Amino acid sequence: MDSGTVLTRAGTPLRMRNSMKQVFTRPESLKDVQTHFCPGCHHGSIHRLVAEAMDEFDIRSKTIGVASVGCSVFLYGYFDIDVIEAPHGRAPAVATGAKRSRDDRIVFTYQGDGDLAAIGTSEIIHAANRGEDITVIFVNNTTYGMTGGQMAPTTMVGQKTSTSPYGRNQAKDGYPIRMAELLAQLEGVAFSARVAVNSPKNVMQAKKMIKTAFRYQVEGRGFSFIEALAACPTNWGMKPLAANERVGSEMIPYFPLGVYRNTANL
Amino acid sequence: MDSGTVLTRAGTPLRMRNSMKQVFTRPESLKDVQTHFCPGCHHGSIHRLVAEAMDEFDIRSKTIGVASVGCSVFLYGYFDIDVIEAPHGRAPAVATGAKRSRDDRIVFTYQGDGDLAAIGTSEIIHAANRGEDITVIFVNNTTYGMTGGQMAPTTMVGQKTSTSPYGRNQAKDGYPIRMAELLAQLEGVAFSARVAVNSPKNVMQAKKMIKTAFRYQVEGRGFSFIEALAACPTNWGMKPLAANERVGSEMIPYFPLGVYRNTANL
Amino acid sequence: MSEKLFVKGNEAVAMAAIEAGCRYYFGYPITPQSDIPEYLSRELPPLGGEFIQAESEIGAINMLLGASATGVRAMTSSSGPGISLKQEGISYMAGSELPGVIVDIMRAGPGLGGIDASQADYFQATRGGGHGGYRIIVLAPASVQEMYDLTMLAFDLSDIYRIPAMVLADSVIGQMKESLTAHPRPQTVLPAKDWAVRGREAGEPQNVVKSLYLGDGEMEAFHWKMHARYQELAEKESRWEEVQTEDATLVVTAFGSTARIAKTAISMAREAGMKVGLLRPITLFPFPKQAYEAISGNCKNFLTIELSTGQMVEDVRLSVARDAEVSFYGRPPGAGSLPTPEELFEQIKKRYLNS
Amino acid sequence: MSEKLFVKGNEAVAMAAIEAGCRYYFGYPITPQSDIPEYLSRELPPLGGEFIQAESEIGAINMLLGASATGVRAMTSSSGPGISLKQEGISYMAGSELPGVIVDIMRAGPGLGGIDASQADYFQATRGGGHGGYRIIVLAPASVQEMYDLTMLAFDLSDIYRIPAMVLADSVIGQMKESLTAHPRPQTVLPAKDWAVRGREAGEPQNVVKSLYLGDGEMEAFHWKMHARYQELAEKESRWEEVQTEDATLVVTAFGSTARIAKTAISMAREAGMKVGLLRPITLFPFPKQAYEAISGNCKNFLTIELSTGQMVEDVRLSVARDAEVSFYGRPPGAGSLPTPEELFEQIKKRYLNS
Amino acid sequence: MRHDVFIAGYGGQGVLLAGNLLSYAAIHENKNVSFFPAYGVEKRGGAAMCTVVFADGDTGSPVVGSPSVAIVLNQLSFDKYAAKVKPGGICIVNSTLVEADGSQLPGVELVAVPMNEIALELGDMRMVNMVACGAYAAKSGSLALESLEDALKKALPERNHRLIPANIKAIRAGAAAAMQRNT
Amino acid sequence: MRHDVFIAGYGGQGVLLAGNLLSYAAIHENKNVSFFPAYGVEKRGGAAMCTVVFADGDTGSPVVGSPSVAIVLNQLSFDKYAAKVKPGGICIVNSTLVEADGSQLPGVELVAVPMNEIALELGDMRMVNMVACGAYAAKSGSLALESLEDALKKALPERNHRLIPANIKAIRAGAAAAMQRNT
Amino acid sequence: MSYTRITIDEARCKGCGLCTIACPQKLVTLSDTPNSHGFTVALFSDSGKCTGCALCAEMCPDVAIMVFKEK
Amino acid sequence: MSYTRITIDEARCKGCGLCTIACPQKLVTLSDTPNSHGFTVALFSDSGKCTGCALCAEMCPDVAIMVFKEK
């Protein structure tokens, strides 16, 4: 092969010249399957980074994932780990039950913004406040992806969704809620950070943060929280590139990236 | 009468010399009845201050009180106003429904720490975040009074309760949650303050703050929140004076009094 | 003839609510009912109403409680898991004698289940899924037109009897589009809401909306009062549809979409010369016992069809004459599990031969 | 003879849970069951177990879901409003085939109601108060000893059948103290929990605890599978107590504290020469239909007594022979509404004369 | 034999402890026992009452409509409950606080014991309930005084065991007073 | 008369719009109509299908087990659903994407219309569904072409009304193709 | 300074004693013996020193204290 | 610099284009015509300029890109 695209079929990557070494590989904890996510959906990127963190600490075989209800409900289809599917919003409570009964396991939840910041507010606040030794991956895409793009607590002011047809109105609907900052107020939280995956630089930073969050748990340091800003091209009614662009132009200014609490400075 | 105690019977105060003027009176919004509260329970003091605020703004006839489940469930027995009894923790949602459907009325909730900071976490956070134009009186007595003194989210570290027989253990139960500060993080909150009624000075300050909170609503300025520290002598297993003392010696140091958010500086 | 609209069942619910004077909606998204909040988020604000997307179904039912308590018409809607979460609030509304309309567009369960059509929330709706022993009014539309008509009726009955009313439809009825003749709300005479909490104006009594009863015998008296009211409901408000039951030797009974499928199956049976009829309950609570009693005087063979392993069939058994036989055919909810008319015709043939 | 303890019904539940190997408790305070969390908050930590006072009943049921999913024995308890809030979680557990024990010490409702004894959560418990059409095992103790015995049984049945199990008692049984012979857990052979989620060790299959079923026919297959399991339960695990039914011409039927009160009333009747017996269901789901079928072969007169306006009476009607009469006497819950033996004796006399 | 006793007073008079004591005494005599306390929404104040049923066999109903024996510690309880005592039964009243007239209760034996006075004489007002239990045991004959005395060890928390001798005295004084006044 | 038609394809082929168009056409002809869409958990991708039933009287079952007419826009749908067509019924296939052989469907009339090609000829691939509707109306005879054309105003959102003339062309082309190939 | 005094409603007073720590003049004390409800109610000693500051009344959770002043 | 290249799995690529903005060398573009799933998949132009920085792969939400380097 001299030039052009190298095509492969799922699961059977074309063999490279023997002299070549693969420098970017699929993480082992991520199953080698096609996802159901829409083109340009950042759930895929975030899934990969979580899988990389599991690989990094070699914890795949002792990790329990807690799936939430939302576009990420098929967690068990993509991660090669044991999974419990929690009712909508209740993943932190389910994770609490799992972790307390198996305290030598690594337990993480993966939740959307409808799930965590709306219906599941009580559960996340109290799991965080108790300082449960779990890791929470919170994917904020400013909308209810799975159910067709309704307004979420994180929907931006003015953003039109299927239940805010005139745009989110801060006078009636309030301002978008900043979970990473809010949880950082709680004594039980060991680590809280906000990341994005809209540029290679942000991806690299997100990778670092997600690994740190898992490291907290591996080292038994308490509750760790990652808010990942994400694009939902489908429900934003945007092409993938435009949606990716919006994360940087609209979301990050309101939801600044950074570490909001870091008790051990890992 | 020359000296000694002047006794009166409920509702029929002994007439003073004609030349005397009553300088401390029972607020009109407070019914002239005996309460069911235990001796030294601060619910009584807080009830009076709320009634005074209603008198001050002459809003008794247009106020809707939303009672919660806890020792303050008999709100309708003590306040001379229309009352809705909300399910445990849901008073802010009930108040939202009431206020949105009758936006010319004054709507307040009166909730305990079990009610507001445990089961009702979602409802308070989202009513606050939406900036509902209601007033919330939050009575923090570090325990579930009505049900017999179980641990609350505000129970102090080390405090023994009927469900923390070895004392609250921050490693398992987390640290007591500071609601006034937490809610102050939310954009929708117009006013958030913490008060106590354990000394005449604090009572006077509490009175001012509670009036300010109601004024916010009277002037349509949005969500106002008062956290009132309170003694529960019965469930603390203390004499009233000792319990009153504890508010100052143990609670205030951890739950500092003050204004945590004041958007209009009233 | 007024122009016929062509709308989704869920939209018909929302349109009827507006026509019935409901200006307050509180809900939380869930498939397959999200068309209702979506429609109302668009239509209520221009009418001066309020649409709130609550933080949860629990938030929504309690906002409904608060709004209803002030005397306005208000509603919520959800499906499966969301309706389960509303049970405490529904129990409180029932205990506080509050009207209010709750729409359940049923989906497959238990748990997360799936979003396919289901009728397995029948027990939850008719037996009081919440605690304490209460009943709510349950209406089961079988067409888009009925989604409209029964939603309006739900508001009226709920106001008259001071009992929460539920519109219980499966997702076939919610998602399908049919011709709809929208009509204004009937001029029912409604009792004054003098119990409503609106602020105690001078001279007015204090109004308290509550469900706490502590005095000796108070709670029991409440139960017997409601029991009598339920009986009044059963006598006055039971509604059902009968199709060709007069000469039937087999009566099929089903509600909602199942009744629609059965109707076509019954036509097939009639074409094949079988005397088969349909009895479709429109009110599930009150259950139209009187219709079953009357029909089972002549016809001794009943076939109940449900999208579940059998729930309404218990009410049928409890309602028919003692010597009547009640058989059951169920297709529990889930993808690919809707029965076809042909399939039901087979079932009818089987039972008919046995009759 | 082992020393007799003298303990509250609620405490017996907690003691039995510990003896049954339950080390994880998740709950939220509510009268009249708070003795259970209070006892366990004291006793579990020294045993290396975990007691969590959850942020709410919803938190608690979902912690139970999480713990049960990892294969340990765990439980929660509550009353009325709290049990309503758990309905979504219970439905998820049922849909995920998870074991787990839920204790409901019933109090008066609907709504906030009161804390007096009630049996009005019967429908909620036995019909699935949650969505989607599922059943849970429901055990109804009538003494402190049975609070102990049936709590243990609940853990075993729940593990064997992979169905959540509820101990359903009224507050009389929960609050009263009686002699208790504590005994070790029976050495039942339990199936391995190879479905449990504990981390996927090399070579093990991936375990997923879920209730989402999307493939064609998957959800329906789940329903029929569970239906078959419920039938197996009914055949193998139905439990009841019969007192002097052999020659009875009137059989009183009641569960929990009502059965206790009825027992004394029946002694009075027997003393007065009336042939009256008692049939007390111990399992409410599965309902001991076989006992009713058998007895109603001879005795045609049944009197159902409940602390409600009538719920279990429907199961009795659905279970007895067609020619048997079933009458009902109810005292709905609330302060001052517990019937006395004398009162029930009057009711027995009335029905007996009619028989 | 099946025995039942109903005890009523106001919060603070030790009604529940009395019920517990009788229960443990009955257990000591190898009976089956059901003790049913009434409980209120409010933590404090108000009435306190309980029922104790004990029998060789099944205790049957923990709820008793017409008790064979009632122990009534204050006027309110007397007014509310005395009339419920079964014909042929006994009503033991704390005559220090209760004005009771036997003619109000036809067919019921009224046993008046000045319990507060006796307790006060013995030096501790809080022993009213012990006096009552002694009176019950003696008058009803359904429990031996020794059983009561033995039961104290179980009914009282460890830290109060030093009070046992005083309580025994109160029990005996109650028994004596009950027998004396009515023979 | 009661008519039913089942339409299936993949997401993006305009299956639901086709169903709506037929529904409005039937309403225009004063029929009662039931349109039942299938819907999936996932927002995107996958199959799309719907059923339209229309009748002078009651539409009866919105669910149709054996449709009298099926319109099949892609191979997957053909493989899955074609066999369900009622004996004596019609199966209209998009022959551009579907390899269909009439012998697979005994008793069913197979109408092959190269819908993609026709649409592409008319300049817009997205009009495949219009071609299909025209074919259906012509072939089944249950709806007049004029009704379809009238229905476009209702089925299309206001902003797309400028496309109506092009759509009418596609409908007519579909009708012509269906009739031509099978007479 | 004009004559000032307070009244304490015995039917309301629960004897918690909060008023006793509030009075700068130490004019309020608790009775030694319980009343019929078992409460040791508050007593006012009208020594003429009462300033009418109403701090006692402000502290009373049961609104049992009223304050009067010579006009 | 050793030879470096990437592979793009067409069965996984959804044509979102995020890789195209990630490559500093602009070596990845989207195809003009949709594939059988309707996706305009990404194409790599192996002009020898690939540095193996893997930024394209890091950006791909569908993990469709693998990067290889000469040893």
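The letters A, B, C, D, E, F, G and H name the chains in turn, as written, and every chain counts its residues from 1.
Quick note on the criterion: a residue touches a chain if its C-beta (ideal position, glycine included) is under 8 Å from a C-beta of that chain, and two chains touch if they have at least 3 such contacts.
All values reported here derive from a predicted model rather than from experimental measurement.
Trainee: What shortest step count links subunit E and subunit F in the network of chain contacts?
Mentor: Between subunit E and subunit F, the shortest chain-hopping route counts 3.
Trainee: Taking each chain's centre as the mean of its CA atoms, which one is farthest from the centre of subunit D?
Mentor: H
Trainee: So the centre of each chain is just the mean of its C-alpha atoms; given that, what is the distance between subunit C and subunit D in Å?
Mentor: Once rounded, the distance between the two centres reads 29 Å.
Trainee: Measuring centre to centre with CA averages, how many angstrom lie between subunit A and subunit E?
Mentor: Here subunit A and subunit E have centroids separated by 65 Å.
Trainee: State, to the nearest whole Å, the distance from the C-alpha centre of subunit A to the C-alpha centre of subunit F.
Mentor: The computed centroid separation for subunit A versus subunit F comes out at 42 Å.
Trainee: When the C-alpha atoms of subunit D and subunit E are each averaged to a single point, how far apart are the two points in Å?
Mentor: Their C-alpha centroids are separated by 34 Å.
Trainee: Enumerate the residues of subunit D that touch no fewer than two other chains.
Mentor: 31, 50, 52, 55-56, 58, 81, 88, 92, 96, 111-112, 114, 210-212, 214
Trainee: Residue numbers in subunit B touching 2 or more other chains?
Mentor: Answer for subunit B, listing residues that touch two or more other chains: 38, 73, 85, 87, 118-119, 121-122, 125-126, 130, 148, 153, 172-173.
Trainee: Of all residues in subunit F, which are in touch with two or more distinct other chains?
Mentor: 41
Trainee: Per the contact definition, I'd like the list of subunit B residues that touch subunit A in the complex.
Mentor: That would be residues 118-119, 121-122, 125-126, 129-131, 153, 170-175, 177-178, 181-182, 185-188 of subunit B.
Trainee: Could you list, by residue number, the parts of subunit G that touch subunit B in their complex?
Mentor: 3-12, 14-18, 20-22, 39, 42-47, 52, 54-55, 57-63, 65-71
Trainee: In the complex of these two chains, what residues of subunit C are touching subunit B?
Mentor: Going by the criterion above, the answer is residues 23-24, 26, 50, 52, 54-56, 58-60, 62-70, 72, 74, 88-89, 92, 96, 197-202, 206-212.
Trainee: Residues of subunit F touching subunit C in their complex?
Mentor: 20, 23-24, 27, 32-37, 39-41, 58-66, 154
Trainee: Going by the contact rule at the top, pick out the subunit A residues touching subunit C in the complex.
Mentor: So the residues of subunit A touching subunit C come out as 69, 73, 85, 87-89, 114, 118-119, 121, 144, 147-148, 150-151, 153, 162-166, 172-173.
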